[in-house]
Amino acid sequence: MTPAEQSLAAAFRGGAGEPAWLADARAGALAAFRAAGLPTTRHEDWRFTSLAALSTLSLAPAPAPDDGEGPARALLAGRAAPEGARLVFENGRFRRELSTGAPLPAGAVLGSLADALRHAPEAVRPHLGRLARVDGLAFTALNGALLEDGAFLLLPPGARVEAPIELVFATGAAGRAVAVHPRVLVVAGEGARATLAEVHLGTGDTYLANSVTELVLGEGAEVEHLRLQDEGPRAFHVSAVFAEQAARSRLTAHGLALGGQLARSEVRARLAGEGAELAVSGLYMADGARTTDAFTWVEHAVPRCTTTETYKGILDGRARGVFAGRIVVQPGAQKTSARQMNSNLLLSDDAIVDTKPQLEIFADDVKCGHGGTVGQLDEAALFYLRSRGVEEAEARSLLIWAFAAEMVDLVRPAGLHARARELVAARLPAGRKVLEAAA
Amino acid sequence: MSTAEQLKELTEQKYRYGFVTDIEEDKVPKGLSEDVIRLISAKKGEPRFMLEWRLEAYRRWLGMEEPTWANVHYPKIDYQEIVYYSAPKQKKALGSMDEVDPELKRAFAKLGIPLEEQMRLAGVAVDAVFDSVSVATTYKKKLADLGIVFCSFSEAVREHPELIEKYLGSVVPSTDNYFAALNSAVFSDGSFVYVPKGVRCPMELSTYFRINAKDTGQFERTLIVADEGAYVSYLEGCTAPMRDENQLHAAVVELVALDGAHVKYSTVQNWYPGDAEGRGGIYNFVTKRGKAMRKAKISWTQVETGSAITWKYPSCILQGDESVGEFYSVALTNHRQQADTGTKMIHIGRDTRSTIISKGISAGRGQNTYRGLVKMMKGATGARNYSQCDSLLIGDRCGAHTFPYIEVRNPTAKVEHEATTSKISEDQLFYCRQRGISDEDAVSMIVNGFAKQVLKELPMEFAVEAQKLLGMSLEGSVG
Amino acid sequence: MAVKDDIMLSIQGLRAKVADREILKGVDLEIRAGEVHAIMGPNGSGKSTLAGVLAGREAYEVTGGTATYLGQDLLALAPEARAAAGVFLGFQYPVEIPGVGNLYFLRTALNAIRRARGEDELDAMDFLALAREKMKLVDLDPAFGSRSVNEGFSGGEKKRNEIFQMAVLEPRLAILDEIDSGLDIDALRVVSRGVNALRRADRAVLLVTHYKRLLEYVAPDRIHVMAGGRIVRSGGPELADELERTGYAWVDGARPEVERAAGAGALS
């Protein structure tokens, strides 16, 4: 076992004081983690993303909030007030005093998962860990074994939350490498609707943020799930979103992966009811020697579902961008419509892109296509702009912005959209000017 | 098997090439060991370096693991149950076509390649490989006048050992992969082509491979070297008799295109695919790779309709600046066939270019996987790739899978990949039938239309055969 | 059964449904050799369904009635057998077949039909000569011969291609389903000229159309109005003028609001 595996497994405390089903689930998850071990590049799904730097770390459980001033307050400083509810999690644990409430429709529940497990475990039980399978998925198993807290959103049939719900995860501890394993569970009943945004922030310290999100969409439910990941340059970020969609439900899963020394974002969705629609997308940006990895797995299990998938990557410095997307159309899933596209921009001589868009189709009456491109900024366009007097840095920024803007604009809630624009622009050589021009 | 049975088999089965030829064979015992390899090498009268090369490959193979792939399933192969050398017994060396065993010639005629006919009419030089040993090479003299060497591999080892020693394994190292290592250890024969500097080979060179003997694995090896500025077009066609057992075919093909040379390699693969229930058929595990030096070009064109399992990725190492790689493929799987095929384009030199056009057709319970790699290495400044992979599905029990890998290490390189999946629409079928064309002919026509972009890359004689094959291979897939 | 005088097609009580919805609810129609009939009617009246049923489109299920063509049971034949027997359907939406050459397709069709009739196949040269001659009929550029069937053709080109195919296949009964839809006036003239050139004493033509416009160029002997899955009126050419004045609003089962919109379209 590597030091990381050892230290992570050693953090296991069993399920003392918890319901038996939860304690059993934890034990099972730990066994699954031990069996799998942290993935290496020999693992097909991790072929291009090396965890060598992580595996040498000794990772401690995060300190309890009363250990002193945590990172959340500083990381939230200067941020605009949220448009709706905001739940803040510091090193994986809910901080009520930093959070903001908002009115909810009758019967809806939004709060800390730990609270829900304590006070209403039977509401959580049918769903927790049902989608986030632990076999062969080391990080998900680890989360299942060690999860302490996170968010729980329960929407009864027909409940609609109009304002976006913000979940802020602030992570990091000075002087020691910590590991946190937040869990988000969303259960949207028939016809329910909500927008949920996970905002992942961190200090400049080394840590592992290993989050798992489970989205259960009932018939006709509409959920928009956003992820803004903007962590520090030493962070290891691994997140996995598991979704299951009933008939005619609509899920938008969109993420901006902007920070971390290693960022891996997984989306695993199962279209389980006829007429379900999934839009899955993301923008990943990396420079320096950072690695960013977008992984998606979409399963069409029944007829007449639609997937549109678009991922874009911008890689600079010695960064490595990885995309692996697979769409599986199961036998009988006729009239499936699936489009998958991955485009990448390489901005430097040493940046690397590895992409594998994949279609696996076991039904015949389907419309499926995918595409992948890798290239650099269009020299002709660059020259055109410069010949019109735009200086090079600005011209480059404008073209990068043009490439990225579609992904930024998919962050629809106004406050988060403004924030996303700032974050992306900040990573361009003349981003400020571009923002002014695009305003 | 009695003649009556043979006739019955011939008439009742869909596989047209499924007859067995009774020819006395010279076999080594089943199984694989260093002794078997020494025996093969000795039987062929090989020089020392060949034996050493084989033994080295064998030792490395012992330490290798047989690969596994998703969507490709087959029972474990027992490598000790295979006969590694089988040659038709012949009294003496052959001086001309007239001396070829008439039984053999009839076998070739049944395959649709009457040698004399082809010699006269098509201007095709045929190097026929029957089981593992080349028995007849036509047009040799005409080619020799241009300095072109076109002969069996064994002959090349004897007559041109310096070329063999220089180029053998230079593109596909003996330890490249499990099946390539196995081939390197035990290959019994194959073809060798050398085209000297600046020479344009005036005719298509062609080899027909055929697995005849029972329990015989076929391990042929092809090496084609086009010297600077040379051009050669090479055709490979494959058929095998029908048997209930599976047979292994683990070939290696190496192409070397030196500066400014162009090698075009076309395959129509129609090995026995097994019956409708998936019994029997060839396991076709083949390693094909070409290396292109400066301004050289390597073109692979393949039509794959046969074999129970096909596993092959004809690849191009674009070593030299401005070299070009092309891959045009049609793979058809019907009944329970499985194909896992594609290409690897490794761009090393500056301004290298590659094109991939892959058309997969799945019918019945066939599984068709495109698996490809486009790799732009650090030095591949200005390199370009365009890939298009289309799948056509016929029936709802088959599968079509597209797994491209794109790895880019140079920002000026440009890679584009596109893939689509579709079925033959009811509207298309009805339109054809309303014009008087039967269901099966309509499907065959639509499939050929789908594959046209690839078929047009084939030399004329092959294109016609390939079109017929596509239609034939789909029999029983409609309705 | 003997052919009753020169009746080519006799349809009696024909009913058909698609996906459990009955569309044809008892159609009666007789067409004689040499005649041109037009079936008009509002959208959804069953015109195109009738054309499809006669050609053997499998999505339609015949639930009752008969269609007798030259003394044989048309409905019992496979689509390709109907084609061999001389039934041609000009498609409202001609289908694209990528990679299959237009002339190659047509030669395959012609030879399949000739084989079915026990005639010799045409060789490539004879066919080419025939095709060249027939292309002139609808001003089709010879370049269309080598392009893929209907792929990238404009609406007008597709329709001209249909008439070209008809000219080569020389059917006894041509059913032209909205051959006029999507055509500008010049294209309509060309297509009509082609149809008129193919009128013959031993050939019948059934025009399915929404608008009277086509009938100004191809004069019909009889006009039938279809509504609600039945033929509700039949008459001479003068019926077209009446329809022009009143629209389809008066016919059973038609939805007036739809028809006014459609009528407006016809005038523009």
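Just so it is clear, A, B and C label the chains in written order, and each chain counts residues from 1 on its own.
In the analysis below, a contact is a pair of C-beta atoms (placed from the backbone, for glycine too) under 8 Å apart; a residue touches a chain by one contact, two chains touch by 3 or more.
This structure is a prediction, so every number in the text was calculated from the model and none was measured.
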| request: Give the chain pair that accounts for the most C-beta pairs in contact. | output: A-B
| task | From the Cα centroids, identify the chain that ends up most central relative to all protein Cα atoms. | result | B
| Between chain A and chain C, what's the gap in Å when you average each chain's C-alpha atoms? | 57
| note | Chain centres from averaged Cα atoms put chain B and chain C apart, in whole Å, by 49
| Chain centre separation (chain A, chain B; CA means) in Å | 45
| Where in chain C do residues touch two or more other chains at once? | none
| task | Name, in rising order, each residue of chain A that touches chain B in their complex. | result | 48, 331-332, 334, 344, 346-349, 351-376
| request: Spell out the residues on chain B that touch chain C in their complex, using ranges where they run on. | output: 425-428, 430-439, 441, 445-446, 448-453
| request: Report the residues of chain B in contact with chain A in the complex, numbered from low to high. | output: 71, 376, 391, 393-423
| Any idea which chain C residues touch chain B in the complex? | 55-59, 78-80, 82-84, 88-89, 91, 93-100, 105-106, 108-110, 112-113, 116, 148-149, 165, 169
